[in-house]
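Here it is: the structure, laid out below.
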Amino acid sequence: MSVTSSPALAVEGLSLQIGGARILTDVTLQVGKAEMLGVIGPNGAGKTTLFNLVSGVLRPTGGTVWFEGRDVTGEPIHKRARGGLGRTFQTSSLFPRLSALENVRLAAQIRFGGALSVLRYPTSSDEATRDARERLAEVGLSHKAGDAAGDLSHGDKRKLEIAVLLATEPSVILLDEPMAGVASGDVPGLSQVIRRVHREHGCTVLMVEHHMEVVLGLVDRVAVMHHGQLLACDTPDVVMADRTVQSAYLGEAV
Amino acid sequence: MVRDAEHGAQSPVRRESEQSPAASPGGDGGRAAPSARTLTTWVAGAALVVLLAVLPLLNLSLPGILPGPTYTPGALQVLAFALLTAALALSYHLLFGVSGLLSFGHALYFAAGAYGLAILLDRAQMGLLPAIGVTLVIGLVLAALTGAVSLRVTGISFAMVTLAFAQAGSVIVRRNPDRLTGGEEGLALNTDRLPELLVGVVNTKYLYWVALVVLLLVYAVVAWIEHSRAGHLMAATRENELRVRVIGQRPYVIKLIAFVVAGVLATVVGMANLLLQSGAVPRAISTDFTLTLLVMVVLGGVGSRWGAIVGGVLYTLLDQRLNALASSAWIEELPSVLRIPLSEPLFLLGTLFILVVLFLPGGIAGAVGRVDARNRRRTGKADPRTLLEEVV
Amino acid sequence: MSTVVLLAITGLGLGALYFLVASGLSLIYGLMGVLNFAHGSFLTLGAFAGWEIARRTGADSWVTFLLSLVLGAAVGAVMAALTEFLLVRRLYERHIEQVLVTVGLGLATVALFEGIWGTDPVFITGPAWLEQTTSIAGARIPNDRFMVIFVAVLVLLAIVAFLKFTRFGLIIRAGVENRSMVTALGIDVRKAFTLVFAVGGAAAGLGGVLASHFFGYVSPLLGGSLLIFAFIVTVIGGLGSLTGAAIASVAVALLQQFANFYAGGTGDLAVVLALAVVLLTRPSGLLGKKA
Amino acid sequence: GCAPSTNTSPGDAPSGAASETATKDPVDVGIVYSKTGPLAAYGKAYLEGFEAGLDYATDGTGTIDGREIKVSYADDTGDADKAVSLAKDFIGQGYPIIAGSTASGIALKLAEQAEQNKILFISGPAATDAIQGVNKYTFRSGRQSLQDVATAGTFIDPAGKKVLVFAQDNAFGQGNLAAVDAVLGAKGAEVTSILVPEDATEFTPFARQAVDAAPDLIFAAWAGATSGAMWQALDQQGVFDAAPVVTGLGDRSTYGAYGPAGSKISFLSYYFPEAADNDVNTAMVEAIEAAGSQADLFSPDGFVAAQMIVRAIEKGGGEVEAMITALEGWTFQGPKGETTVRASDHAMLQPMYQARLSESGGTWTPSLIAEVAPEDVAPPEKA
Amino acid sequence: MHAPILTVSTLSARIAGQQVVEDISFQVPSLGVTALLGRNGVGKTSTIKAILGLIERSGEVTLAGERIDGEPTHKIVTRGVGYVPEDREVFASLTVAENLRLAERDDNPRRELVEKLFPDLVARSAQLAGTLSGGQQQMVSLARALLNDNELLLVDEPTKGLAPKIVAEVAETLEEAARTVPILLVEQNLQVVRRLAAGAVVLAGGRVVHTGSAQALLADEELTKRLLGVHGGDDSNQPAPAPHASALNPEVRQ
């Protein structure tokens, strides 16, 4: 892997085997700074697994993960997160009994430091809280700041996940099906948020999504996965025209 | 772990169940409430503390609850014991209620306080203050070491490893190595180096005040931690460890802090208990004792500080006074189907506990919280859902 | 040499006893995730039932002995079924509360037994053969050890068969995870839960009667004194693994036996240490499924 | 006829004077004992003995020279913390006398309270030697481990013999081992021991060990529910064929615990109703039977405690120092015969018994082999 | 005209004490697919759960002419109701084979059919269902319902989160199944609805707001927009008057 070009994120020969089953085989991929990459592929292709390996939730059985020129393959989740690698989950993963604001503020506090301090109150006037409120406003959840995260509607939970993610000020973010289960009426709005983050914060974004309109409308390149392997990685036009992609993923239209 | 993250919240029933056991939003009381309510809570709390402080000077009788008027040593002894038990329950609350750590070995640190101080006073012939200092360090080191090991696993495994450590402690104490711990018989307090005021029944009121101070101290520490950033992270860790990792924090460290603080607080209570009871007994390190703490916290209401206190006090008073009930004359006259169960205090206590778990989810605090919430809804005030918001 | 044989065979007997106590516990814990603190009481009640029938029909006949085993198992099953029906059932999918309710039941029932049968141990006698010894390699092995080992193997086979040849094991594992979905597949999950509790209780009752012969007494505290070892072998054996519990029972008993004899009575410490080591290296136990 | 104090001391005048002032205020006595809990059976025997003793010593009046003895009973449930609370309650209410305590751990804690608060404490069935001479406020109404051991020593001539102590490895067992070492070792016996872990559940290997040690006498110190299994193991491994085995005879409920081994054991006995042959014993046994119960191992502890309390009040008038003086060195007729409170360390010098058990129709009954004189089993003096 | 297999009249349902379905009435004919439509959170899932007795309900439900509203869930199901839940709800700790075995109600379950439809599941029969990808789990969920001979299938959002190709396959499967068994289908993907459904029932705010032919509904762009808000028109927030709303209000009926 040439570090000179220093892509924001790169994986090289990444593999995962669980008890004989090859979940991911020899995936090599580079994502440039401030690039937005779509990841598509049939169910069970290994997209979520790829994210789990990159974020450290799973350890690969082979290969390397490079994050901003650094080999992070052996680093625990929280170190990568602190280094600026953020992610969301396919099924929302929040603190259900804490308020929406608190969910975001905890993330902000960790960024500002002193999250473990017993000497500091998380009062409403401090920088972390201000920051958290801004993030909530950004995804349009200000009016739900006080609601327990578990009581939010499905779509709001997806938005809250993104707010939490933003509060850690990541340089690379991994979005796992952000639109799944969001009402079709809300999809454009959420796409807008993602686009803004990408543009304004200059984040590198990797996004798994089955919603093809969203993917094609947002991303610079599309990576296609199938049977744990990377089939192709190119511009949307090229990828969509690919026969294999059509037969393995898109199928005939309904 | 991936499985949890991806599929944990799939079934609606599951989601419901996650909400019920630990801190219900109402459990955090007036914290998030309008400031008028906060003020009322503060005033009521302060008044209660003052009342407790002057109790030894008053002549109040609570027949059936206390053995005599409040100024008598007998009543003060029972009250002081109840306060210390409440303090211990409060330290357990930090573990279980706040951080969601189900430990079966919390008695170990309590016993470390009681036995440690007793041994230092007697064998090492230390003065009271240095002995207290050294015992605190012992408690700290013990909690840090055992916590560091047991927190490497979670759930029932964690409960079992803590149980194992406490059990090892219990075996050692009962084995009486070097005649250090007194085995079954326990240790008597060597009063030579104690200030006069802490010795003798006539001075029970001073021991009572010590107990009260210990309770207030433990309360202050627990409340402080709960409100602090670390406390919020503890609650967050209890809710979703993976999420904590992903925002860049190690749950292990957070849990270890909770474990060690709770352990040291238990050590403090253990020392006070040694002074109050003039001795240490092996029951203090038994698993039963930890289970008793669990019972108290659940009785009072998991996740609620004052619930832990109420649970501790209630349990102690019931435990002490149900004997009196059980041996009362009217029970002796009942037919044996009723008499046998009713004359066993532990049967009554166990049954009460079962009923609370079944019918009062959230314990006493939960029940009060619900009534409170209903009243507030009726009077049109907002439901303080803003958990952990706008503290103090 | 004969000492080692003696230690090994009596250790095996002790392991069999641990397994008898742990089998029901492991079944209920493994399938339903309920660490049943009232299990000791099922056992005690079974033992008292066995004793009550024995003293009415002449303690030293084999018929009485068999009768007491059957009655002990039946009483244990009934108490367990009632526990499930009245208490545990209301708290499905709330594991901590389920554990708490069994803690309360454990407290209350021990006190109740003390009220009924008194706090003193009641001493037990059985058929004369059980109290005699058989000589193996110069070691005089008490015969009741063989009996306990025999019954433990039977119980192991019976429960394994129950799980293998019926759908109950499956139903319960699924029901613990998502109860309403199991009913939505057309299965009455409540019956299955009660049945498994009853089977666990029967094993406990059986274990209680045999334990009372093994120790020569029954008292309200009998079950509780064995419960902690049952917990340990259940957890060491691994969640949901009956075979694991069996292996752990024997391993723990042998370890305890040899450490007690050769290492200055450190058996209990050794067992507790073993528990910690096993959990720290294999958090899910010897044969437990990966959590 | 049944005057409580057989040897009237010359101090009649103060007691007379006390009685005049005290006709109005009764003397409070607090009994802290196990009504429930693991030692409830001992507590029951103690209580029945105490009530019989109080009746006996006050001629059924419950008063001394017109001064009422007001007894309050409290249940410690075997829990030391609770016992301390109850004792403090009594002391706080001004009770000058506390008696009871079935467990050694509780006895020690109450002794500590007695010293702190300068009140009279008469310990009950707790056998721990630690109570002996612990402080001047603490007495005992029963026997202590050293006396048990000394009685065991009377079964053989210890000089040059190999004595094996087979005991639980806990405070009780260790105490007995120390006592055997002190008493029989002093008489020239070679003392060895097998200490079995307290929580062990399998005794067969240890029984084997005992046989292999080939001792001349085995002294077994065992308490608790596991004793049945322990005796069975000894019997199965042929320990009784190897050497005589001595142990202390427990209360009625344990007679069956020895199983078939029961008839092979040489028992030292603290007390069983048929052992003592004197008027006081007869009175006690009859009184307890009249109350619908049976005298048992610890009935004398309660009975003697009552005798001591009556004596103390009678001579000391409720003043703690005076009561101590009244009890120290007092010799009287207790249910077991002549009993003396040794002045120096408050040890209770009393006769002990050798006994055996025999079975008929499924019930075991003890019978007396010999009575051992108080001075032969007196514990060494502790200053 | 066939007699309806399922008749729902004046059905109300509550979750945690909160009314989520109010006084709804509709019928499912004994042939073909009936679509149950509506925007997010209108009570589609709750209606299905109420029919199955999974949540507290009142009102009248008959299956093939027999009342089932008083029966416990497992009895209703054994009468011949297959259920595919919204969130798949596979048993994560059981293997695929165990999941399927648990679902077998009949003496001769149609294993061949399932094996033919989802060959992937045969290959993965020993894998824990919790480790399957989302799409694979959906297959298990569908297979569980198709194993038995049913009189009625209740299928809740079978295509959520699936790759486009699988969506087509699932649609085909349902089309196949509908030849022999009537289906009540909840679905957001209107293309799927168009392909399968004959009748349509539209919910809004927990009430029935429209019933009729599915094809006619989808052909009427204005009506679709108003009822389903597909293009997020503001007017669709106003629920239309309920043509089927009973004159009796729920309070009176209790």
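Per-chain residue numbering starts at 1, and chain names A, B, C, D and E are given in the order in which the chains are listed.
Rule of thumb we're sticking to: a residue touches a chain if its C-beta (ideal position, glycine included) is under 8 Å from a C-beta of that chain, and two chains touch if they have at least 3 such contacts.
In this text the structure is predicted, and so the values were computed from the model without any measurement.
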- Task: Enumerate, in label order, the chains that touch chain A and chain D alike.
- Result: B
- The chain whose C-alpha centroid lies farthest from that of chain A is chain D
- Message: So, comparing C-alpha centroids, which chain is the farthest one from chain E?
- Response: D
- Task: Specify the chain with the shortest distance from its C-alpha centroid to the centroid of every protein C-alpha atom present.
- Result: B
- Query: Which whole number of Å gives the spacing of the CA centres of chain A and chain B?
  - Reply: 42
- CA centre of chain A versus CA centre of chain E: separation in Å? 32
- Touching two or more other chains, which residues of chain E qualify? 89, 92, 131, 134
- Item | Multi-partner residues of chain C (at least 2 other chains) | 114, 177-178, 180-181, 265, 268
- Note on the structure: Listed in rising order, chain B residues that touch 2 or more other chains are 2, 6-7, 10-11, 171, 175, 343-345
- What residues of chain A sit close enough to touch chain E in their complex? 18, 21, 40-45, 48, 90, 153-155, 177, 180-181, 183-185, 188, 210, 212, 248-254
- Item | Residues on chain D engaged by chain B in the complex (per definition of touch) | 35-36, 75, 77, 79-82, 84-86, 88-93, 104-105, 108-109, 111-113, 116-117, 128, 130, 169-172, 174, 198-199
- Query: Residues of chain C touching chain B in their complex?
  - Reply: 35, 37, 87, 90-91, 93-94, 96-97, 100-101, 103-112, 114-116, 177-181, 228, 231-232, 235, 239, 265, 268-269, 272-273, 275-276, 279-280, 283-284, 291
- Per the touch rule above, chain B residues touching chain C in the complex are 10-11, 13-14, 17, 20-21, 102, 149-150, 152-157, 160-161, 163-165, 167-168, 171-172, 175, 287, 291, 294-295, 298, 340-341, 343-347, 349-351, 353-354, 357-358, 361
- Query: Considering the complex alone, what residue numbers of chain C touch chain E?
  - Reply: 167, 170-171, 173-174, 177-178, 180-189, 289
